[in-house]
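Look for subunit A in each of the two complexes below; its partner is subunit B in the first and subunit C in the second.
For the complex of A and B:
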């Protein structure tokens, strides 16, 4: 009976089709892997080359001679202050804007215009934000290029991130919660303050963390509005923790990496890669905090 | 349910009436100042909320206003034929020339080459993640892509300068490490996460019934992807590619470090180029405020702003349109 052809056996055409489908699956897999391999290689190279430079002295010494000697304390603390200031400006405005868009905004033309503005603000290139900071704060308001101006420029740049994530966090709170609260006689703001915000605070925090990661890594906006490649800073005692004034120029990690990426005479390669590694670890750590918070949220969601 | 608003117990008239308040937008009945609708002082916070709600519009308007204001003095005397038609960019010579053609071509060239790499890879990876991968592979790949997205642009530039440059000199026969191909590889890696996540959303938005119908007709997975998913998700995939282009055109620090910064029209993949964004970043430090060079750099900023805003807004409309169609 074996000689009799099996009527259900795949024809040559079907076999060809099945083979194509199998091949295509591997092609798609290869494309996915092609994205991950370079990332692993690049991070691997930075870690291997930068690791020898990392030490307590490297982190706590100020850079000297254009970064060739010393460490990265000045830029590191500069990035910290820059990020905190940026957050102080953008968090209240962004969160309130998110509240407006989710809780107050009627479905009309103005709201749609606001949404388009958020989209286009998110798409503005970072160097154009730098030009804005230069034109608005330095040229028009006659402020010095300074920590404050750079932070304000970064705040404008990160505003759409804050608005979008706040809005998403608020939208995840079910409408029944609000209705129950209104029916108990609470005003709209009371409802937001006592019901909506406490139930979405982790989502808003995720947005805050994303803003921090973005602000700490950006270079273009701060390089035209106050960050400098190198400068003298206080190196003694408590002054070491507050080396910059609000209205003075400052150093930041991203700017530091930008200046040492080109040739600095007498600078060991490991120190360059060390700076890149510190910045990369900083950003990835902040981002993983956001991811962890999101996972935690998803797990303990009560509705 | 039609209580007179002044006597409404849930103040602010925020009685949910179900009169078409969809999409997370809470009922719109004006809150009354003074009456029982609000506690004293509450209008302050509501005023602040409204003010901040307009902040994004204020910011966009301010960006346009201040950049145009800084560029304005040079506009009447600008030789537009030279700006768009000449490749001679000599802003600091005794007779300054502002021909931005090579910068525009350089910027587009690096973005196009980057997209030629990033779009197939990004779409392929998105298809794999959304259609083929099991849950664990999917989560791993998504984390990898998030890591890729988190790397700051200056670190990418550093990678281009220190890691990819020597490779290109040794294997691609490049004379200088900083060149078009280097910038394009970096930009491709930078814009891929955006393309993957938006394409994946677009593929997710295709209803499962489409997939089931295709399978029931005897299609295998690849045929289903090619004949059903791609056409159904076409708009979303297109928007993903456009946002990738927007990202690549506007990127500054990575191309500043990785493309070599030589003002010329590239003739091969390993020619160094200079982009509009890198020009602003590199030359603004030397330009004196109020001088033509400074103003022309702001003019380039206007050009970039208009290009990227157009790309992003159009892509957003395409995404919204695709979503509306999927929900209908």
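For the complex of A and C:
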């Protein structure tokens, strides 16, 4: 058969459009790269400069002489307790509030006002939350500046994130699943427990990840409500793992880093970057654990 | 070029990843008639239909071998522009999918993406919109609300609009994937009537699950099973005296 002319040859206009499309693709790619480069630079600098400081000794010894000598054990375990406490407060309140707002609350003005308030609260700077914590828990309720007050302040700060991400995760579960449940005689709560929650758990966990990362990294709220730059802590035996009381002040990584980077003269550079690197690795570890869990949970979800 | 064949499929295979959805499909589809693709769910009829305008290949894991010749050209060749191909092979989907813009903008969306805007005057566009909407007998219904959102129309009107927006591109072939399944009985009747009128100008290939519709509305039928073509003949013959035992079982509703 004779070679036919091509009825589907690209026209001149199509070739021009294809060129534009290619240019746009490169623009988007460049933006993507521009986003990644600063992040890689920051991580690179911290890893290169902080790596020499890392050792078992550095992780497990308590800081001495304002952090110039010794390690970071006290602040590290302080951040751990702070984050866990914060999660213990914010996760139940935030998740339950999210469930209420998405599943039970009638769509009226009050609900919408609450949602707007929640969204706006998420945008409030952390120093404002810090002052709120100081005013509400310390000045008004006469509590000590302490681990518990700092955790509560962080919980107040992260509550909007928890509520919003829970609500979005629940809203992503298709409506017809709910209708099928109701139709079979299930109550609202049965529907939520057996169908809605299992299918939105990965989204809720995303909220938890965000909360943990923020709670571990924030300085301002804890600086005003209970964290101190340095203090003496028990260094012997099992007491090493429980150095703080709920109603007393404590050390935390973010606060520690803030003070050794700024306030202590003659601080070796590797100590600063070492602390930064540990804080980074801590958050990275929590996040990847949560991501792994989320991927596992999502694999079971198919619709 | 053989003008008695509109779509000429030769030994066509298609894989989704490791799964082979179409096995050595060879078939000739004639112009100026309606051809129905029938068969149980998962038999490959929609995949075959979607191969005719290469809309499957957006999904990364699709691989094909063989030839599909339209207008004398193998559309799987390197030098085929999919934009030009899709201009000539319009598609109507199962659920009406008008774009969330005005009725007017929906109809001219195709011309606008194929023509530099300098060549499109108000007059040309107005005329194209009226012609297209008249052809699907939607003009009288919507002429006073061309500026309102297309998604506000009834489902039947939306589906007519989805057909109308193909027409300004002057396609040769219109592919329809269960075009009536979202409509009520009256809507189905009117869309079928419309398809019957369109076949004078276009080659129409239609996937349908509805045996009665295939029997009513199409001139030829292709029965598929497990990614293979079992039987292709005139509708009257296929329903009256099926050559293949499985065709008979399927049209009698014994499986599928």
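In this section, the second predicted complex is superposed on the first by the 247 of 303 C-alpha atoms of A that agree within 3 Å, B and C clash if a C-alpha of one lies under 4 Å from a C-alpha of the other, contacts with A are read in each partner's own complex, and residues count from 1 in each chain.
The rule we apply is simple: a contact is a pair of C-beta atoms (placed from the backbone, for glycine too) under 8 Å apart; a residue touches a chain by one contact, two chains touch by 3 or more.
Bear in mind the structure is a predicted one, so any value in this text is a computation, not a measurement.
Student: Where does A:187 make contact in the superposed view: on subunit B (first), on subunit C (second), on both, or on neither?
Tutor: first
Student: Which of the two partners, first being subunit B and second being subunit C, lies in contact with A:198: first, second, both, or neither?
Tutor: A:198 contacts neither subunit B nor subunit C.
Student: After lining up the shared chain so the two structures overlap, which partner does A:174 touch, if you call subunit B first and subunit C second: first, second, both or neither?
Tutor: In the superposition, A:174 touches no partner, neither subunit B nor subunit C.
Student: Examine A:7 and indicate which partner it touches, taking first as subunit B and second as subunit C; both and neither are also allowed.
Tutor: second
Student: Go through the superposed model and pick first if A:125 touches only subunit B, second if only subunit C, both, or neither.
Tutor: After superposing on A, A:125 lies in contact with subunit B but is clear of subunit C.
Student: Is A:107 in contact with subunit B, with subunit C, with both, or with neither (first, second, both, neither)?
Tutor: In the superposition, A:107 contacts subunit B only.
Student: Taking the superposition as given, does A:268 touch the first partner, subunit B, the second, subunit C, both, or neither?
Tutor: Touch status of A:268: no partner.
Student: Using the superposition on chain A as set up above, list the residues of subunit A that contact both subunit B and subunit C.
Tutor: 17.
Student: State the interface residues of subunit A toward subunit B in the complex, per the touch definition above.
Tutor: Subunit A residues touching subunit B: 17-18, 20-21, 24-25, 27-32, 34-36, 38-39, 42-43, 45-46, 92-94, 96-97, 99-107, 111, 113-114, 116-132, 134-136, 138-140, 156, 159-160, 163, 170-171, 175, 178-179, 182-183, 185-191, 213, 216-220, 223-224, 254, 257-258, 261-262, 269, 272-273, 276, 279-280, 283-284, 287, 291.
Student: Can you check the complex and tell me which residues of subunit C touch subunit A?
Tutor: Touching subunit A from subunit C are residues 1, 70-73, 75, 77, 79-81, 83-85, 88, 113-116.
Student: Contact residues on subunit A for subunit C in the complex?
Tutor: Subunit A reaches subunit C through residues 4, 6-11, 13-14, 17.
Student: Give the list of subunit B residues in touch with subunit A in this complex.
Tutor: The contact residues of subunit B facing subunit A are 9-12, 14-16, 20-26, 28, 31, 37-39, 42, 45-46, 48-57, 59-60, 62-63, 66-67, 69-70, 120-122, 124-125, 127-129, 131-133, 141, 143-148, 150-155, 157-159, 161-163, 189, 192, 196, 220-223, 225, 243, 246, 249-253, 257, 277, 280-281, 284-285, 289, 297-298, 301, 304-305, 308-309, 311-313, 316.
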